[in-house]
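Submitted below is the structure of interest, expressed as structure tokens.
Going in written order, the chains are labelled A, B, C, D and E, and every chain counts its residues from 1.
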Amino acid sequence: MFRKRHPPAGSKPGTLMIHAAAERPRIHVMKYRPDHLEEHDVDTIEAVRDLLADDHVCWIDVQGHGDEALLRAFAEFFSIHPLALEDVVNVPQRPKVERYDEHTLCITRMFQSESGSVEPEQVSVFIGDRYVLTFQERSGDVFDPVRERIRQGGPIMRSSGPSYLAYALLDAVIDGYYPLLEAFGERVERLEDQIVSEPQPAILHDIHTTKRDMLTIRRAVWPQREAISALIRDEDPLISAQVRVYLRDCYDHCVQIMDGLETYRELAGGLMDVYLSCVGNRQNEVMKILTIMASIFIPLTFLAGIYGMNFEYMPELHTRWAYPVLLAAMAVMAVGMVFYFHRKGWIGGADRDDPEARP
Amino acid sequence: MFRKRHPPAGSKPGTLMIHAAAERPRIHVMKYRPDHLEEHDVDTIEAVRDLLADDHVCWIDVQGHGDEALLRAFAEFFSIHPLALEDVVNVPQRPKVERYDEHTLCITRMFQSESGSVEPEQVSVFIGDRYVLTFQERSGDVFDPVRERIRQGGPIMRSSGPSYLAYALLDAVIDGYYPLLEAFGERVERLEDQIVSEPQPAILHDIHTTKRDMLTIRRAVWPQREAISALIRDEDPLISAQVRVYLRDCYDHCVQIMDGLETYRELAGGLMDVYLSCVGNRQNEVMKILTIMASIFIPLTFLAGIYGMNFEYMPELHTRWAYPVLLAAMAVMAVGMVFYFHRKGWIGGADRDDPEARP
Amino acid sequence: MFRKRHPPAGSKPGTLMIHAAAERPRIHVMKYRPDHLEEHDVDTIEAVRDLLADDHVCWIDVQGHGDEALLRAFAEFFSIHPLALEDVVNVPQRPKVERYDEHTLCITRMFQSESGSVEPEQVSVFIGDRYVLTFQERSGDVFDPVRERIRQGGPIMRSSGPSYLAYALLDAVIDGYYPLLEAFGERVERLEDQIVSEPQPAILHDIHTTKRDMLTIRRAVWPQREAISALIRDEDPLISAQVRVYLRDCYDHCVQIMDGLETYRELAGGLMDVYLSCVGNRQNEVMKILTIMASIFIPLTFLAGIYGMNFEYMPELHTRWAYPVLLAAMAVMAVGMVFYFHRKGWIGGADRDDPEARP
Amino acid sequence: MFRKRHPPAGSKPGTLMIHAAAERPRIHVMKYRPDHLEEHDVDTIEAVRDLLADDHVCWIDVQGHGDEALLRAFAEFFSIHPLALEDVVNVPQRPKVERYDEHTLCITRMFQSESGSVEPEQVSVFIGDRYVLTFQERSGDVFDPVRERIRQGGPIMRSSGPSYLAYALLDAVIDGYYPLLEAFGERVERLEDQIVSEPQPAILHDIHTTKRDMLTIRRAVWPQREAISALIRDEDPLISAQVRVYLRDCYDHCVQIMDGLETYRELAGGLMDVYLSCVGNRQNEVMKILTIMASIFIPLTFLAGIYGMNFEYMPELHTRWAYPVLLAAMAVMAVGMVFYFHRKGWIGGADRDDPEARP
Amino acid sequence: MFRKRHPPAGSKPGTLMIHAAAERPRIHVMKYRPDHLEEHDVDTIEAVRDLLADDHVCWIDVQGHGDEALLRAFAEFFSIHPLALEDVVNVPQRPKVERYDEHTLCITRMFQSESGSVEPEQVSVFIGDRYVLTFQERSGDVFDPVRERIRQGGPIMRSSGPSYLAYALLDAVIDGYYPLLEAFGERVERLEDQIVSEPQPAILHDIHTTKRDMLTIRRAVWPQREAISALIRDEDPLISAQVRVYLRDCYDHCVQIMDGLETYRELAGGLMDVYLSCVGNRQNEVMKILTIMASIFIPLTFLAGIYGMNFEYMPELHTRWAYPVLLAAMAVMAVGMVFYFHRKGWIGGADRDDPEARP
């Protein structure tokens, strides 16, 4: 859950820890202005430099961290501070916004909804004056609708500069939280139903897992919210006033997701109590059966034991009606006990004690 | 509980998600000044435009979202920002206040008291310089008393401009929370009584449901309070100073409702403990009955077993008084046990251990 | 606990909800300056107007809300805002301070100590430049010592203007919380003693009630504290600098009462745990008795059962010493079990397991 | 725990409530400058006036409140505000700092470490331009080391004016909290050990008492911290810049004590859980013994019962090997059960289930 | 856990409490500029003075506190305030930053990762204009990589002045928290596995210890974070703007560690619930076995008891088929009970009730 690939303590700041299994970077560049669009798959920094030469907006999307030399070449070309590069590569970092001289770095955490997994992937977005540079841990992302919107050439998309593009990417990341939130809602409701219908121990484990997963998401959304708030509030010249309005919308979404998560967390916490009480209830039922059986038969067995004794002088043994009378007395006792337990609501009390029998 | 009808991740901001079952909009316009009132049911934006032509105050009330073309026409005519329109349609949004160039948008959540349901309905209020434009999800609302006050032509109502009308609508929405709050009070008190009189498992489920419903309301009231506070605090030229005093009253109501909710939540939380303890108590009672029965009869049965043995040389068996003496000894043992349990307060201790027997 | 007499949702702001059983207002006016004092019982607004005509300080005390016409007459004469009048009448309101043009309204909640009840009564204090106007829900209050001080003509009291009088009233209200707080302290201590000496289920209900009552007081004191803080902080010309020092003292009392309440709440919360654990302990004791009885006698009964069998070829049955040997063996087994349970601390372990036996 | 000696509600501010058992004041004056020191025991205000006549620094220490006339004489001579005098006498007050025209009042709560008691004593320190005036509830305090340092004539002590002396007193009071904190640390550790070695019910009461005592200290330290922070922050001309540095150190001590208290509180809270779980565990053990005994012997007793029946036609009874075969079968059953329970870890599982057997 | 070596209450501020077992100070000086490096082991303040004479950057590292005279000599030479020296020696202090005239003191708490221990060691860093002076409690630290970087002569390291060196040391300390955090992550995961596979009481103790250890770390990291934030925020001329960027990175690490700790704390808290529920579950299982055994055999034993009675007139005893019929009836009853318990899911319900059997 928390496995920062951090360098050894005391190492030089800016040391990159590239995982052995990291994917080789795949670089996709979209270069557009209102009336024109080019897309390129490139693999050297020189190719990127050439594409940036004129006044288009460029989105350079780097998927995979597995090539330190290339990353350092990017860092040099885009004047990325060594600490910023470290934040990009040594994942996971807390979502945050940092202002550098030539660009603003916005780190965010993306959850891919199609798999339903809660494994986050870090997306680092550099917003420059004429480019947006994104680094992703792996290939595969939630940005296809954004690419589609660029290709379709919507006027706002094509003409609003890099900060609008960055907003669109952030918005896509945050929209990706909604399916997760809905999945949590369904999990909580399903657990609620199960607890009432059949409270099995496995449910407890499910509740625990659900709460843990929510915790993971919550830790991602909370700083995300702060980061977007900082983008709106700070007087960053790279973010246009128009985009600030859109970011406010994005901020509202974050708050809404937090709200939803908090609600589900409180509900999940309450479920634990309900479960424990249902278990206590079942235990009570077990105890009642034991007590009923024992209370009915132990006295009867004692009576039978009395007349199983071998004393010479037991006049009852020789009376003709003693046996049927005793049997009758035993039956009366048993019925009396049953009646007593019935009146206490222990027998036939399903309609009063059983939660499932409730309308 | 949380079903945002949100567009697919990454879609263009301003995308509207209109539910298939959404009602067709019904538009009602009230147009008034101190000495004059007109009411119209219209269905085109052109009709609205005509009504807005002179210097009356207009309340355009749109109930139902089921016509995207009409909504977009409204948005265009009233210069509604695409994101604002999205907030109106893609319900539920968090209650909030947003300032736009030509109007202020105030999103609020209404609970209808007659049905006693806690299903909220979003009301979006645009406050302009000469109009108030409201969007509701469904027909049916809590605004009839406001309409009545306009018709009766009270001097403050008719002459205080759109911001007073907006205040009156907000106030009506918030007043609608009181019946809910009282219903919670009654639910909590009834639960309290039931727990003391007959602590059944079903109560736990009721406590859980009550807490969940309170959570829903609380999530609606909390941002509502912030939103009204923002309306009072911000220097919005569309809100007159006179109305600000009234909004302060409205704010007080919100705080009072929050207070009441918090009180009931703490009480409901405490009920869980009382319930669990009552259950534990019942379990204890079951255990006591079992222990009393077993402790009295198991030793007696053992004694009977002794004299049921078939040893040849058991002198007691042949003594005349052995049988009655043994029976007497058994009776003494049984009475001794009963006395012991009585002294421990397990038998006849109802007056000491039974919560129901308390005055 | 929470029964606001609020008007129907959507009614005109300023609508008064006067309870059918509300007392008819009784108006008492004290009119004083350093060298002179008059007291009058009046019943019309004209009489009040005449008394206010010269330069004395006037305290107009209205006890009871049961006359809407009179209240509206007061409101008109003293220029009370309709919303302020609504706050006075539609009790309970949260304690608060509101500044109007001609006076400052201070709403507070009074608990009468003689009855020991936690039923609050709202006192609304209007502080004007030459008068203090108070509205109480019912006759009977905690202000007699203040009246006495006015009559005795103490120099500070008589010469410090209306704001000092208002302070004296507020201080009397807050001093009235101390007896309540002490009563809580005694309740918590008594509960603590009872739990240790005899943990009965009824105690749980007492803890719950105590916590609920504390909650009620707390909800009253908390905003009271904020209100007094606002009086001190805000630059209200009606409050003299000298009185601000006294209000600071009043504020300290509020904080001290909050502190005390919080302490008792935490203690009461802890009591719940101690109680539950004592109950668990008792249950454990019951279980031990059952287990001891069963573990000792069930094996012995089995042995007796063995020799009660009717097999033809059971050589032991015909041995002369078999019976006493078996009895001896049984005694040894029983003693062995008793010794085993003693070593486990289950028997005679009162000195180790019994909380009451502790020094 | 909370017994404020407060005056009756509504009494005049400044009313003193002197406890009948209050000690008669003993007044000790230390008068010093760098090269000179005098000590006097005085008992009238005139004597104090004479000692204050020249330019020495004077520490007037009043121990005991039992003489209202003398206290009022002090108040008059030192221009003490009636409310300040009330704070000095009507103990306990919350620790606080208040600025008056001629002096600063600093109220603090002292715990005497030698007795290990958590009964606080209020110390009120007035810091004037040439004097420090302290009021204590009783004789006996933690200030002897400070007196010793004055007598030894350390240069900083003797030449740094009244504010340094006041700092030294505050520091002595706060240093007095460390032994208490250590005592708590030891109590928590001892409880932890006891719970693991022998979890008896009495421990729960100890945990509760420990938590209550911590609460008492905490309520004293928390406002103390705020008070010192106010002394450092406010621009009080009576506190020299040099002393502010020392007060910062004093503030750090307060924070450290709060930290320690919080840590112990969380640990003590966790102990409750551990204890309850240990108790639950013991209960489980009792249940297992009962179940083992019952499960082994009840079926065997049944078998013995079968062959104790008196049917005429029971062929087994007449078979020669029936009896030993039955005994063998019973032995096999018993061993089988034992093996079954052993495999479940109920028998001989001490090495797995017993917390004490853990390294 | 909390053993401050504080001086007796009331002693002079600046009193040093040197532990008897404190190590004798070992002083290591690294003196460098971009093109030059010297290292010296010295043992007098005079040697230090000579090394500081020119314009190199000097790192004087003092390991061990066991020589008061030497420490006081250092304090005098470096103009260390007596209170600052007290903070250095009387460990542990809360991490903090304090600005003095000639240097800034930064107190931090180091955990050494190799031992995996959570015993902290205090490191006090004085940042001067040309030197960094560090005091450690013991020899052995996490600074070897920093020394290595100085020796290797990296350009930033050698040319960025004392504040960069101080940053490098702080960063090394904070990087040392990551291994601890990972160890906690592993402990929590292992506990989670154990609870599901075999919920033994010892686990509870492990959870408690884990939580306590986390608490210790948390109390160290929290003020650390504040201290670094103060270093960044305050306009301290000794910290260069370039280093502020690096400190921001360091601050991010602190926040990330706090985040991780909070996550693990919440998880560990949840584990307690899961454990308690597993235990309750096992108890339930024990109860079920007891109830099954008793419910099956007690009625059968009663039946056997009936026919073991010695009445003269019991016709069944003389019927030929009575015995086999009774045995058959008993078998039917037993099977019936087994079937009943099976349907209730008590027998063979492992696949439904056993958490381990879950996929």
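Going forward, a residue touches a chain if its C-beta (ideal position, glycine included) is under 8 Å from a C-beta of that chain, and two chains touch if they have at least 3 such contacts.
Since this is a predicted model, take the numbers as computed values, not measurements.
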{"item": "Common touching chains of chain E and chain C", "value": "D"}
{"item": "Copies chain B and chain D - rotation angle from C-alpha fit, nearest 5 degrees", "value": "145"}
{"item": "Computed distance of Cα centres, chain D from chain C, in Å", "value": "26"}
{"item": "Averaged-CA centre spacing for the pair chain D and chain A, given as whole angstrom", "value": "41"}
{"item": "Junction residues of chain D - those touching two or more other chains", "value": "280, 283, 287, 290, 294, 298, 301, 305, 308-310, 314"}
{"item": "Category of the chain touch graph - line, ring, star, complete, other", "value": "ring"}
{"item": "Chain order around the ring, beginning at chain B and proceeding next to chain C", "value": "B, C, D, E, A"}
{"item": "Residues of chain B touching chain C in the complex", "value": "113, 142-146, 149, 154, 157, 168, 171-172, 175-176, 178-179, 181-182, 185, 196, 245-246, 248-249, 252, 255-256, 259-260, 263-264, 266-267, 270-271, 273-274, 277-278, 280-281, 283-284, 287-288, 290-291, 294-295, 298-299, 301-302, 305-306, 308-314, 346, 352-355, 358"}
{"item": "List of chain C residues in touch with chain B within their complex", "value": "1-4, 6-13, 81, 83, 86-87, 93-94, 96, 98, 198, 200-202, 204-205, 208, 211-212, 215-216, 219, 272, 275-276, 279-280, 282-283, 286-287, 289-290, 293-294, 297-298, 300-301, 304-305, 307-310, 314, 316-318, 320, 322-323, 326-327"}
